[in-house]
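Next up: some structures, all given as structure tokens.
Same chain, two partners: subunit A is paired with subunit B first, then with subunit C.
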Partner chain A sequence: MPTTPTIEQTVEQVLALASAHFKVPRAELSPDDDFFKKLGISSLQVLDLLTRVESHFGIELPDYELQGVSDFRTLAQRIQARL
Partner chain B sequence: MLDLHLYQSLGEALRAALDKWPNEICLIEADRDRENHRLTYAQFRDMALPFARALQDSGFQPGSRAAILMTNQSKWLISAYAIFYCGGILVPIDYKLTAAEQLQILARCKAEVLIVEHHLWRALVQVKDAPQSEVTTALVIEAPADAAMVGAKRWEEFQSPAKPVFATRRLKDPACIVYSSGTGGRPKGCVLTHENYLEQCIALTSLFPFWPGVRYLSILPTNHAIDFMVGFIGPFVCGATVVHLRTLRPEYVREAFSKYKITYVTLVPLVLKNLERGLRERFDALPKTKRRILDWLIDLNRSLTRKKPRLGVSRKLLGSVHKPFGGELRAIFVGGAFTEPATLQFFYDLGIPVGNGYGCTEAGTVITLNDFHPFRADTVGKPLPGVEVSVINADADGIGEIKVRGKTVMSHYLDDPEMTAETIVAGSLMTGDLGRFDSTGHLQLFGRKKNMIVTEEGKNIYPEDVETVFEGLPVKEFCVFAANYLWPARTMVGEKLVIVLRPEEGQPFATAARANLEERNRRLVNYKRIHGYLLWERDFPRTAAMKIKRGVLAEEIRAAMPRTAVASL
Partner chain C sequence: MKAFDGATISWGSTEGVVELALHKTPCNEIGSQTLDELEKFVDALDSVLTAHALIVHSTVPAGFSAGADLRELYHRSQALPANERVAAVRDFIERIHKVMNRLDACPLTTIAAVHGVTFGGGFELALACDLIIADKTARFCFPELRLGLIPGFGGIPRLKRDLGNAVVRDLLLTGRSVNATKAQNVGLVSQLAGEGEALRMARATAAQIGKFDRQTSATAKQFIKQIPREELRREIEIFCELFTRPAVEAGLRKFVESSDALPYLP
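Then we have the complex of A and B:
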């Protein structure tokens, strides 16, 4: 039976997804980075990442879960709550 | 469409629409690949009336206020109709605000009823020291079975089988109180009458008609004045269909265009530019020959549509461009902020007219609109029929403040006679925006008199509202400004905020202080963040009550320093 990943593992997977999606080397991203600033993206482009996140984790994440979230760690926490 | 001159209120007009087109589809609500609702006008009525009766049974009376705090979905419109049916005043609250901000509006507007989506309700009840509101009935939508209701009722169970009593209203009665951001964290409640809405709707549909079969994709928040008009009242009084999406991820929005054969949509400039970028990337990826053919077809389309749009021709010439938009798209409207002419022209040349205009909530949404005869990307169009627009105190270039008069101008700001008197002078709305009419009667915008910015996402940001987060900075004093207020730029593109810092005597603004500034800036939501800082070596001018004289300080800065002195963050 698959086990729920730890929050650290979820954070790591989110960073890997963001790195692949926005073509930024993984080593340049840290959990507490502000993704708007670090990736130079708009609120709209962040929504694009959510689809990747959903299919990777097999969850549905409503748009409102991203409201007010601007760092990878908090995003990972929102995902974790739905795993 | 209905002849709106015959009706005294939104409730009356909507009631007539529900009776006139019982079998037409009025609402489609989709969530990813699922369709939650597809309602005819008759089904819409059957859902709204038991809810209206339950409201009446709970003591909701004509003139009572009810707030809606919800993302775009069918229950938003059903609830709104029920409120109007009871003669109530609707207060749409922006679901994108923080819970504390929403509670502040709720307290100010004195709503007795709150209709709220569960996740937003959950956030509201967690706020500590919430201001006292007058809400006696809170109705929560889509609350999970095990949700803590904290005194609220479930929207889905709030209905009564008895027939509700329709409440008549007069044209000058308030229909809605719409909040827009204001200075000093004081949101402004624009009181809009039934007449404001009916007149606006008559004017807009005379330029862009809707009819049964038209499908409007509602993406902008319905709490915003634009979507409320173009994504609710307009389509309904014409028997058209509104499509709601519960997720606004770009791929689902793209899919919706072809899945639902969308006729009209309204976007904010940010989204429009994103669409443009995607299309340009697609064009750039074409093999050379195909690209050359495409460019030739675009040129041909441009010359054929110089005087007016020719949708049939454009769809034939540029079918591959139109197909992803569903093939039925007649126009995209853009609103909430200023759009760059190059973006508008890009779409027009593809045969996708973008209806750009200019407006504000105080003027019932739209003041001017491009009518495409001919299309003018360099202007925001002509005044709507029935709306008088003039430019006052014009300078040598003909640029002055835009003044608006007509039946679409709001009644007043709620409980704020002082601000009302400053804004509505002798019956005319002083917009605080700067413009000029060209020889053909088109309005062009040239910045603002006001110390504020509007982002590409359509957010109005007042410098005073972001200052709290900087309290405690290791400086003697500070003040936030719109860069274009300090250095007027005659543009509404790329507006930014800057912070002016007055360091303590003998204490230079060091690395640690800059890090402190950056950390505080990050606490703000991304669109409210300041763009840079300016070091100022003199004490700020202040009033006897020690308030900063912002206008005087701005003049001093303008005289002493150029815009290039701003250090980016």
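Then we have the complex of A and C:
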């Protein structure tokens, strides 16, 4: 039976996902970074990130749960609550 | 069918397949210019006697369509005296309903090949088609309640016709977006495509459809796909009633003036 990843592991997976998709070196991304600024993305691209997060983790994450969320760590916490 | 290359859409026909491409940046917002061209398209479609399939797709990277052009709706409305605004909105809604109804009832088998943002009126355009083939980047959403409105391009009656009422309530009442996998799981999407593959899959599907007798396909479609005319009329009335409320003007203004990074999210 697969075990639930720790929050640190989830944060790391989110950072790796964002790095790979938005072509930003992983070393330049930190858990508390503002992903809008760091990835240089718009609201429409956030939806793209959301789709990739849902696909990667096999979850549904309603977009209203992203309201007010702009850093990778909080995003990972929202994901973690659904794993 | 004579090819057309407009400001917001283009179309052409080859080997019995008509392709309608949406190409207005940033994300195919549907305003008066798109409506004018869509009306030309459905008129032209009436003269197509030999094609068997229609594919609707977008060439814009952000997605299939973000829906109604809310900025144009707001600014056009503000330019009119208060007592003329509802009549202008009603005229637009009546016209777009006619386009959607003609697409819905079109004797060709119609396929929406969607990717990325497929929101509001864009979602409703896809719902007027017989089949939806979705790229895995596609997201579907009815964000209208955030503006104090209901979807106005016929989406709710069509979604209710095609899926269970609980799915409609989930999408309508929460305003959340769902991804293509979820959309396939609930029966909205017929085929799930890899990234960038939806149009190719739609063409392959259209080629398969071309093996069937055109008249038989049209008869089968007419038998199975009824247009919910009474509910569509009611939708127009409710939309126009809601449009008179101050909350709508406030919601539209908030959207238009928003510097929020997430104007499409609740």
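What to note about this one:
Criterion: the second predicted complex is superposed on the first by the 83 of 83 C-alpha atoms of A that agree within 3 Å, B and C clash if a C-alpha of one lies under 4 Å from a C-alpha of the other, contacts with A are read in each partner's own complex, and residues count from 1 in each chain.
The rule we apply is simple: contacts are C-beta pairs under 8 Å (C-beta built on N, C-alpha and C of every residue); 3 or more make two chains touch, one makes a residue touch a chain.
Computed from a predicted model, the values in this text were never measured in an experiment.
After overlaying the two complexes on the shared chain, residue contacts for A:Ser30 are found with neither subunit B nor subunit C.
Contacts of A:Gln67 after superposition on the shared chain: both subunit B and subunit C are touched. Within the superposed three-chain model, A:Ser55 lies in touch with subunit C and out of touch with subunit B [touch as defined at top]. When the two structures are aligned on the shared chain, A:Gln9 is found in touch with neither subunit B nor subunit C.
Overlap of the subunit B and subunit C interfaces on subunit A comprises residues 36, 42-44, 47-48, 50-51, 60, 62-64, 67, 70. Taken in their complex, subunit A has these residues touching subunit C: 36, 42-44, 46-48, 50-51, 54-55, 60, 62-64, 66-67, 70. Within the complex formed with subunit A, the subunit C residues making contact are 26-27, 62-63, 66, 116-117, 136-137, 139, 141, 174-182, 260-266. Partner subunit A is touched in their complex by these residues of subunit B: 32, 71, 95-96, 98, 119-120, 246-251, 270-271, 274, 457, 522, 525-527.
Against subunit B, in their complex, subunit A makes its touches with residues 34, 36-37, 42-45, 47-48, 50-51, 60, 62-64, 67-68, 70.
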